[in-house]
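Could you have a look at this structure, given as structure tokens, before my questions?
Per-chain residue numbering starts at 1, and chain names A, B, C, D, E, F and G are given in the order in which the chains are listed.
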Amino acid sequence: MSFYNDLITHAPAIIIAIPLLFAFATPLIGKINKYVRNAWAFTAVLLSGALAYVLAWEVFKNGGDPNVYVFGGADGTAFDVLSNVRISFYVDGMAAFMGIIMATVAFAAVIYSFSFVKKYTGQDKYYTLILLVLAASFGMVFTGDVFNLFVWFEVSSVAICGLIAFRSNRGESFEGAAKYLIYSTIAGLFLLFAIGLLYGQYGHLNIKYLSSAIGANGSMMVLDKIVLGILITVFSLKAGAVPMHMATPDGYSEAPAPVTAMMVTASQAGLYAVFRTCFTLYGGNIQNSLAQIDLVHAAGYLLVILGVLSMFVGVTLALVQKDIKRLMAYHAISQTGYMLLGVGVGLAVFASGDNTDFAEFGRTAMTGGIFHIFNHALYKGLLFLTAGAIIFKAGTRDLNKMGGLGRDMKMTALFFIIGALSIAGIPPTNGFASKFLIYESVFKFNPVLGAVAMLVSLLTLASFVKVFYAAFMGPKNPEMKTGEVPKSMLVGMAVLAGMIVVFSLLPSLVIGEIVSPAVTSLAGPGPEIGTSLTMFSGQGAWNPLVLLAVLGVTLVIGYVIRMLGQKGTVPKGEGKKPYLFGNPTEVNGMPFVVPASNVYWGFTRALKRYYKPMEKMHSGLINEYVFWFVATAGLVMLALTFL
Amino acid sequence: MEFFTFLYDALHFMVLFGIVGSALLVVKFKDLVSATIALAACSLLVSLEFFILQAPDVAIAEAAVGAGLTTAILIFAIKSTRGREEY
Amino acid sequence: MCKIVTLLPNNTHLNSYTVYAKSAFEIVGVMEAPDMFTFLVTFLGVFVLYLLLVWGSGDADTAYWAIEEVFAGLILSLISAGVARMMLGKAENTKMFLKWPLFIVYVPIFLVYLAKANIDVAYRVITGRINPGIVRIKPGLKTDLGRTVLANSITLTPGTLTVDIDKEKGDLFVHWINVQETKSEEEKVKAVCGSFSDWARRLTE
Amino acid sequence: MMSEIPYFAVVALIAIGLYIVMFKRNLIKLAMGIVLIETGANLFLITLAYRHGDRLSSPIFTSQIMGGDAAAYSLPTPHALTLTSIVIGVATTALLLAFFMKLYQKFQVSTIDDMRRLRG
Amino acid sequence: MSWDWAMITMVVLVVISMFFMLLGAIGLHRFPDVYTRLHAATKATTFGSIFLAIAVIVYAVFRITDPETLDVNVGSYITLAVHTFIALVALLITNPTGAHAIASAARKAGVVPEQAVIDEYEEVE
Amino acid sequence: MSIGHLDVILIGVSLLAFGMLISLLRLFLGPTSPDRVVALDTINTLVVGMMIGLGAFYEQVILIDIAIVYAILSFVTTLFIARYISSRKEKEESQ
Amino acid sequence: MKEMSPIVKTITKISFAAIFLFGLYIILHGHLTPGGGFQGGAIIGTLMALYLVAFGAVKWRKKVLSIIESTGLLVFIGTGLLGLTTGYFFFNFIGGTDNPIFGQQLNGGELIGDVAFPSNSAPLLSSGTISIMNMAVGLEVIAALTLIIVTMGLFAFAGSEEGE
């Protein structure tokens, strides 16, 4: 057992060291041959992922107590005099929760990559960068001081940009990568500036020390507020929240599919940093400082605003996209809004000083938001991987030029359906479970917000119906390749799909075992939401097994009714051929297929006044994007300073 | 003694003025090579400023990176693109 | 096949093992006997430089060099001489290394000319009187090193600035701030370079 | 008093850099703007570290730290941070310029107006 | 105020050095084109830095030989002198080469020397 | 007012800073890019001088190393810019 | 890429070994004087840029460079991991005063006076793993910066040489 204990003690460092070590050795290993190299990369994700799970298990077992690790110290678990110059890791429930997300998605993405990048050159670099992204994501969530947050932020940005530009035969990749890089670099420099401000005021970089120092004298300086504003803006940019989202779709859509899945987790590390900033860094002394309560309360409202904007703008823009990856990228933005909304409501209630409200629905909202992070990583990763499979086979990313893939790619279609149902929040899925918590609690907070959240879910479903229609149904394009995608891609998708199924069946267990410790480590202990098979939101309850049972009974009844019917009936005339999505029809005597971009023609036409300025906003000019970022940062700072 | 404190401050001020001035020149020059020259001057003066602010490690790094490498890769980039700012 | 980043004649006919073996030889610094002299001179030069850099590192009372610094210096000098030998090849004119004592004579003369040059520049800056032009001189130096010494010397001395150099003939194009009429070629060289062309020849040939 | 002066230069550098990034349209100029912002941030950190004592000393380990006046030394931590950010900065700049070079090779893009294939 | 030999030497050296350094800077404005400016900039500033470096070396030598400071730390002042000397040599090697590179580049780029009475470079082109 | 040995050097360094500003004016005025490179070269030499002087002024002898590095690296910068300038035709620009 | 004039080439040849040694000096004395792995590596990287611009051609193999880079990084991380054997990650396991070779005592203020300190403020071998890490970082930075310079330089100047 002593080896196991040592392993747990050193786990935070080793989890980061393994991907780094393997990444740097990959160019050397790649010289041997590609199978060894693939096995090498697989070993790296497997080892660090398994270790992340083990560490998370230990942390959750202790109810989210932090596992502290100080680099280079003789006693690596204790903070000492030199701690403000030492690098430390601080793995509590939330960090461990994020860690297992990273591990899962990276595992699936690397397996998927084996076949996906086979035809490209420079695979050594690809795997090196993938492992670097993984290490950077782990670093961002595990780190215990703000400067390391900056370092991992930049490592993650640079590595991701290298990966976006991986398909160097496409010029657009470089464009997307350059935009993403400019955007994240400027954000990183803002972050560095904010860190400098924090250091100048408090002389510490360690989050633990900072949180005990900020607001310790009962009042908030202007500089504190400015720092909070910068931090919120920068990390929301990383997460892809709306006024700063412009380069995100470019990056997401141009990256290879597995990389996009990794990017989702990297952006969630940004989200994690937002929550960490608001709850831990600024909420540390919240009990004894009125000024701090006001500030964090305002920050909660800001998160809610950002969340609602992200949800709505993301989903409406996704509806009109023709590029499949771009569409999904906008959905990623939209789903990020849910998390911001949930946790923002939680934060606003948490900082209102009203503990009963928080116990009643604020905590539920937070639980929903944080549970949604995991769900989002799973279904969004799965959807991006299926999109990659579709592009892999179809050879195009334009929805109007695809069709009929469902005949050959049955497994991919199945995975796509699982992911689409989950992202749209259709009942038996895990997406529903987390959205359910958000709807109920947010409705209690403000009914309008709950209504918006539901509306966005509807629109999400609509747009995925469109994708399904365009890609899998209808006539087949003869130029497309036939057959299912290679095995390793299927395995990669199956990993995520399996996780989704498990999460769908046992949401309350997942919440009780995984999400609750995370919430506890952010906002302190509180009532349990679900430990048994039924999940209680405070207003309602949800048990997928009941629904599945009802569905099963209904199916049986339907089958019985069908058996009782008359046999041998043949439909005649027009009724013989039912209209199927995407099948050619005749309009004025000409064969005609409704292209995917026209499916919601009426809707977009009706909202012309909304879409025109939106189009102008997303002009593709990086200047204007940066302007939006700077303007948002300024507005947030002003709002926090004067409200 | 007062005079030398003043002199030191004036020296410091002139270096900072040089930094900001050359940064403004970066904005002003339409010709990209001239802008690169101004940027190199800015980096070198910032290195001197680090020197004055008692950060020798950073001064060496900034001199090596800001002067040597950034200029080199900027020149390469200008060479392989059009080379002049159009407007 | 090893991809070689080169614009020089490449080794594509060699298989990769040969290339690696060759580069390994180069890295270790194994070389033929005639090149050893260049290597040794480089090594001694950089070792002296290292000793200068760490002068004063030892105990204040007895020695000026710490013993481990000397050992480190030996190793580093070997490395840098090896790398220089690897990347630059052998020096063209090894005889020059034997003439380095002449530098001690050369430096004061050079400094005197430098002083003259600066008084000249001061005069021209203050009065603004110039009569410039670019002239071509034929100093008749055979080696690049000699041309370099000459060019750099006359750049720092009165009224002259090397603009370009003819690679084949070794002629220098000199920007002359105060062009004077000269009759013959030797006179021109004399007027531009002073005694530096002789010195450059003496030093390097 | 005078040790506060560099902050003005910091603000000026960051403002100039942001101006370039937000209003100049040439790509190489954009990269220069980013370099300027980065320089400003670095200068900020170094200025934070500066201590205005009678002994101006760089934070190199000597016996004086043990016996004497440690307050006279500029703080070492921001120096380490600045070094890190310089390293990151050069990597970012090189990567960005490499992207621009490839973009020019592919599409003859040299201003941001040509870099609008991805939009909407 | 201590007017010992080092002080006097340093004052003289620094005055000479400053004169030529500033002369180089002013020469940039007094002369009409690149080549003549290079004359001023290269020669004068190099010459000036030699004197400044010698002033620093004189200071170091003074501290070494000064009985008050002899027992304190000789090594540091030796290092000061030697490193200054190395920096000076680096300047002496690089400055004329840089000037030559600029002049050559300017001539190749087609910058014609102003007020030139003769230009034998044009024959080459 | 008592002048120490190092104060002499400080006066010199301040004058060098002034000269640096004058050279910066030439960098601003141009008119061609070789002119600007000349100004940059001058600034470099002046700054190396300043570094040597300040290193002595602070009595931090190791700071002189920076001057060495600076002298070498600014040379490389000059060469790079010169290399590029020589490959293009210089036009007289107005600004 | 065309080479520069013989003067520049000769000066490069003369000063190459010296600048290289200076970079190594900065790397080796990273714990004693200003500088360290990155700074020394950057100096040598810039030296390679000087070589490139003076000679106009390089014959380095990208593969070898990337191997050097990986090796440097691996040594760095490996040194950190070796710290696990005796203490914690990045523990300075050969430092300390009881180590006979790498743990030499600092000079307790006898050598160092009240003013400045000589070229070394402490013995060369007083840093434990920090020296090793500096060397690893230096190796990595040299290789990485050279790769950047070579790749971008060849991209910029390959093929079309400007009418020469």
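A few remarks follow.
Heads up, the rule we're going with is that a contact is a pair of C-beta atoms (placed from the backbone, for glycine too) under 8 Å apart; a residue touches a chain by one contact, two chains touch by 3 or more.
Not measured: the values here are computed from a predicted model.
Shared contact partners of chain C and chain E are G. The most central chain, judged by C-alpha centres against the centre of all protein C-alpha atoms, is D.
In this assembly, C is the chain whose CA centroid lies farthest from the centroid of chain D. Two chain pairs, E-F and B-G, are weighed by contacting C-beta pairs, with E-F ahead.
In this assembly, the C-alpha centroid of chain B lies 10 Å from the C-alpha centroid of chain F.
Mean C-alpha position of chain F lies 26 Å from that of chain G. For this pair, chain B with chain E, the centres built from the Cα atoms lie 21 Å apart. Counting partner chains per residue, chain A has no residue touching two or more of them. For chain E, residues that reach two or more other chains under the stated contact definition are 26, 38, 42, 46, 73, 75-76, 78-80, 83, 86, 93-95, 97, 99-101, 104, 108. Across the assembly, chain D contributes residues 24-25, 27, 56-58, 60, 83, 87, 94, 97, 100-101 that each touch 2 or more other chains. Contact residues of chain G toward chain E in the complex are 4-5, 7-8, 11, 14-15, 111-119. Here chain B touches chain G in the complex through residues 56-57, 59-61, 64-65, 68-69, 72-73, 76-77, 79-80, going by the rule given at the top. Listed in rising order, the residues of chain E touching chain F in the complex are 1-2, 6-7, 10-11, 14, 17-18, 21-22, 24-26, 28-29, 34, 37-38, 41-42, 45-46, 48-49, 52-53, 55-56, 59-60, 62, 76-77, 79-80, 83-84, 86-88, 90-91, 94-95, 97-99, 101-102, 104-106, 108-111.
Against chain E, the residues of chain F that register as touching in their complex are 1-6, 8-9, 11-12, 15-16, 18-20, 22-23, 25-26, 32-35, 37-39, 41-42, 45-46, 48-49, 51-53, 55-56, 59, 61-62, 64-65, 67-68, 71-72, 74-75, 78-79, 81-83, 85-90.
Listing the residues of chain D that touch chain G in their complex gives 58, 60-64, 66-67, 83, 87, 94, 97-98, 101.
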